[in-house]
């Protein structure tokens, strides 16, 4: 059976990472930015899992790492969304450009 | 592995106990007695702090995921002292009506970030490190956004958590590269397999950027000022001292224990980052008017100076950094303490508002002046010793030019510290801050800071003790 | 018997100065005056004793007058060989000067009791006089060139203090300032010169310097600079100091202005003693001059000769009697300098002896002239000749003594001036004819302007006075009479027996071939003056008109003052100091301020980076990572 | 325990005592007592020192004490003095004592004023007794910082600007200094022994020449900034002009001497080869300082500016003489430090007193003060005469020693520079007499001045203390010069050994 080579997986994960970063930088909606962050974290997850699976199959460190990253991403998202809700209350918008009272 | 081995996690265990007790209080204490939570929490934390000073032993747990030794214990103790001061300082603010019903949340969140930092410092692999890091960061966002009814607080929270998430993403990405190239996430094994392969170096740079965010090095620092300004001032003090201190601790530990092979590389990188950080932060700071923002940039600049210390190597450098953080805890919290006290009483947070403060509140002004002089590195206060050792540390590797730039930056920093001194002592004001008497807890905290600021410099065995401890770092 | 007691000669006036200066204000003013005068009397007595002992008892060994160091202690040590000693050294010229200084000073002390009576600051005046006397005596007995320099400075300051005695008078203040700064400028030369000399010889000590071995060391030094040997430069620079103090052209400008001081001061400092310090300095180092750099002596001779002529010409046009006397002093000091310049050594040392001789006689008659002038001013309250006239009736004693003094300076035999001037002319004749003719002319001019002064004041038309002039009190006239006696008889001292360039007595003689013409020209000068000023005539005015521009130039002292003013005000003040101040404020300090400005400005610009936009921060973050990666990649590949 | 400790302990105790006083009267009396004790201690120290030397003790430093402070970095609290340090301590004690009396009338925040003043003095005393570069630097910085408050709070004119400028420039100087000190430290044990900050220890080793070349400019300029080295002197005029009387006195009188002292004790002594090699650069700069400062002073109208520029000139002479590298010139440099310290302190005291009466420092607005305030005026004249080098006062001794020493240098360049420097005595005379003439002499310019009162007892005490010292050194310079000269031996021989 043919396995998808590691390179392909890594290319996908790298693309995901940069798409995530790009999304973080250009999208204006806070929720979308949060999704961009998830993209970044997931690309990391893919990295860990794939590397573990392909390169170091006798240990499970990569897998565990991925597992914890997922959990933490969830925690992060929850706190972030809680704050976004508060932002919406205070600013009546979740456009990131408007959340810039403090500068210079 | 028997149960007694858990005692080498004494700091974390005690802290968790305190957290659980506070949680219980939250459940069982009625509305009328909520004020009592404050002293009890502080008391409990004081106990755990004191217990932290009991003799400690080196060791590791969970298959080397967790490790501890004399130096790490000292670091935790330093953080404990800092948190104790922050708790004392924030008591007055928490006692306010609008904060009373979320008092225990404040403590809970803050102490859980502390637990995160402890695990982070004690981590023996990147997983534990990452867990600790996130445990220290995510609740921090909640703390920053603690003041629900203030726009800036919410803004601070969102800026913090998003920036933090981005930086963790970058850091993790770097870790995945390191994992790919070394096949392990354990510090010892990673260190053993570390070479100068491009992938490893790339991973290291990503890792460095992630840590740079935590320590707020230029150009990863932009969140700092906004978050510091927006967050409640007690939280700001916590952020600027404790969480930065913890990040620097683990950063230096990781540099020395995981990436010694890359030392020539990271020396170069730190060289550049240090110059950038000091210089730009100083330039940012020169014209700030908000005291929190001002202290934010000042703390960024201090981070730049600390990099000089790290460059001095695993013994001299590490000792110096830990020592400096100790000094910094007393010093910066002293400065924040005064700002907190004034902010609590009057709501004023601008440097202009401090005009003529000495006439009305001499003790506060003197404390502030001492703290600022210490930050600027003026003798006889501890900051002088801290800075001097930082410079010594960098010079020990022959970085004289870097030291020169750093000292010149220290001179610039003196300029803006003196601006505050000038406001308090020299400027006249038509509406100076009225004389007031701070609460007992604030005064205790400030007294602690002042005492620390004076004592740490002159008592040389602290430095010696830390130096001896650095030799334990690599023995588990 | 030793000379240890002579250290009291300078020490007493110093103690007097401290005593009067610190406690004078607690007593009646006259107490200070009397204390000072008595002290000076003691010093004069001691000087006479010293002179007697030196010249007739102990001074001569093997037919040569020795340099005797009476006492000396190390005041400040620079190196093993270079150290400033404070001490007393006696040799013929020192002893002679001791006498001159103490006598004139004593006379002036007495005179001032009357002249300064009732002045505010009477005791201050006596304190300063004591200070001056101390300094001058210390200068005279100096054992080494540095001690001389120290006292040299001190006399400068005393002179400054005394010229500016009337400190609320702006002209006096300006004059004192001018005197100090001009002499200070000259002292700069003196100091550099003495440093150079000490660098070459490794010693300050006069005795070593002028001993044959010392001369040999100096000769051995082969350094040259701009065509002249270092020694020549050193000696010329030292002479520059002397020229400043002795008001030689072109450093003479301060002396006429110095007449702003009280008249006794002019008599003491600016006629008899301090201004001859330059001559004394050259005489002190005479062996070095003559043995090592005779060419610099030529310079000295010409400067002296020119000054004497130059000053004599100006003196003919001045109306302020003190200024006439001041220019006359310049002229006479020029004589002395010239005499030193034309002198040889040992057998041929006539000029040296003559110079010292003239120094002593000049001190007597010039002090007399000034004190007489003081008496006149005291009587008529004016300095200007055209406000005087016919005073001989009112001031008989003054008139008589003044006449004696005028005759003396005019060189009429057998008064003392004749003898000394004769020797000078003789020395000049042997050395350089040009100089002789200059001096010859000056002799005539001297007689003319002195009698111009004399006739205008005591004869001529009687001016209308506010109140009838009356003769001065005894305290003033007694010194006049004593000095007149001295002026008459001092010439009979066989000076060459005592003072000579090498310490060996030489016989002096009258040079009839020179004496006769010089007396003749003197008498001619007197005659011309008699014709022009005996009665009120229009001759002087007509002559002045006929000379036109030349007269005005002379009257304005050849505009030298204006040149100086231009140099100081325009060049130093406006062209150096002002730009320096500007440069300092705007460029040096401006650079420092600019640094601060740059920091502020870049701070302002940097702050703009902090836009408040979360996503901008992210851009910086990512860009930071990328830059680090790219840098790394660049270095790697 | 060494007696020297007292020089730090007494001021610190005085500061604590002032904390317990109730008003300005108490504060000033306590300060006066404290500084009086300090003065007596200094006098005792002189005699004790001379006694030690008289019984034949030839150690380079005496009264030494050495406490290990930071063992790991081998930092010590090491103290000790030689003749030079003793003289500087005596100078400091005199100036501070006079300074306390000159600020007798400070009533705005008097306690704070005296505390800052005495803290400043503590720093200076500590600096002079230190043998360890770390403690030396520590005390140096302690001495610099109170200046900011002293000028900023109690100053006049554009005080905040001046205070900031002064502090920043001096701290900038100390930045250079710090780099140099660290350099010394890390090359203090080329053979692998423990590194040290101890001056005497470092003096025993040979630091590589290329490193000396690197660090010498840092150290020399670092100290030179405080010593008003051209072109880093511009803090001085503004700072002095704005500072209150006692602060100007202390600053010009003592603090600027730290610069000169450091230059030879640290920069030149420890880096002799570089000192010899690079001297010419600094000789040019200091020669400029000397002449330039004097010319700068001629044009000024503000008394304090005049004195500040004059200080630039005189302090330039100190550095100039040090660079001549021979015993006599360096002896002269130390003498000049002491002499200038006393003179300029006296000047500033007098300026403060005159300003307190006339409320102006512009000379063209005053005139004829001799008539109305004779005591102050006479003292001013004497100070002026001392400044222009009148024999019998300290300035002459110092300058002549410098000139004689400098002129003994075999190099024509040095002698030429000396001649240029000597020319400053003429310029000095010009500006001193200009001031004396305009300010004190002549008719009284303002009729209001007829009501002025002459010096009060404390003002007399303050000025006479300084005056006695000036005249004392001027008339009997031998023992002082000799003491200094004896202590210079090791320094000069080290400097000359490498030529």
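Letters are used for the chains, namely A, B, C and D, taken in the order the chains are written, and counting of residues starts over at 1 for each.
Convention: a contact is a pair of C-beta atoms (placed from the backbone, for glycine too) under 8 Å apart; a residue touches a chain by one contact, two chains touch by 3 or more.
Every value quoted in this text rests on a predicted model; they were computed, and no experiment measured them.
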Greatest separation from subunit B - chain, by CA centre: C
Any idea whether A-B or B-C has more C-beta pairs in contact? A-B
Nearest-to-centre chain - CA centroid comparison: D
Separation of mean Cα positions, subunit B and subunit A [Å, integer]: 27
Distance between the CA centroids of subunit B and subunit C (whole Å) is 78
Taking each chain's centre as the mean position of its Cα atoms, how many Å separate subunit A from subunit D? 65
Subunit A-subunit C separation of Cα centroids, rounded to whole Å: 97
Scan subunit C for residues touching two or more other chains and write them down. 607, 610, 612, 614, 618, 622
For subunit D, give me the residues that contact two or more of the other chains. 168
Per-residue overlap in subunit B, given as positions that touch at least 2 other chains: 158-159, 162, 166, 170, 225-226, 415
Can you give me every chain pair that touches, using the contact definition above? A-B, A-C, B-C, B-D, C-D
Please output the residues of subunit D touching subunit C within their complex, sorted ascending. 165, 168-169, 230-231, 233-235, 237-238, 292, 295-296, 298-300, 309, 327-328, 331, 368, 370-371, 385, 388-392, 396-397, 400-401, 403-405, 407-408, 415, 418-419, 422-423, 425-426, 429-430, 433-434, 437, 440-444, 477-478, 481-482, 485
Per the touch rule, the subunit B residues reaching subunit D in their complex are 319, 373, 378-380, 384, 388-389, 391-392, 395-396, 398, 400, 403-404, 407-408, 410-411, 414-415, 418, 421-422, 425-426, 460, 463-464, 467
For subunit B, which residues are in contact with subunit A within the complex? 125-127, 130-131, 134, 138-139, 141-142, 145, 148-152, 154-159, 161-162, 165-166, 168-170, 172-173, 175-177, 179-180, 183-186, 225-226, 229-230, 293
Residue ranges of subunit A touching subunit B (in the complex, touch as defined): 17, 20-21, 24, 30, 33-34, 37, 40-41, 43-44, 47-48, 51-52, 55-56, 59, 61-62, 64-65, 68-69, 72, 75-76, 79-80, 82-84, 86-87, 89-91, 99-103
Contacting residues of subunit C [partner subunit D, same complex]: 74-79, 82, 84, 146, 150-151, 153-154, 157, 160, 164, 167-170, 173-174, 177, 180-181, 184-185, 187-188, 191-192, 195-196, 198-199, 572-573, 576-578, 580-581, 584, 588-589, 591-592, 596
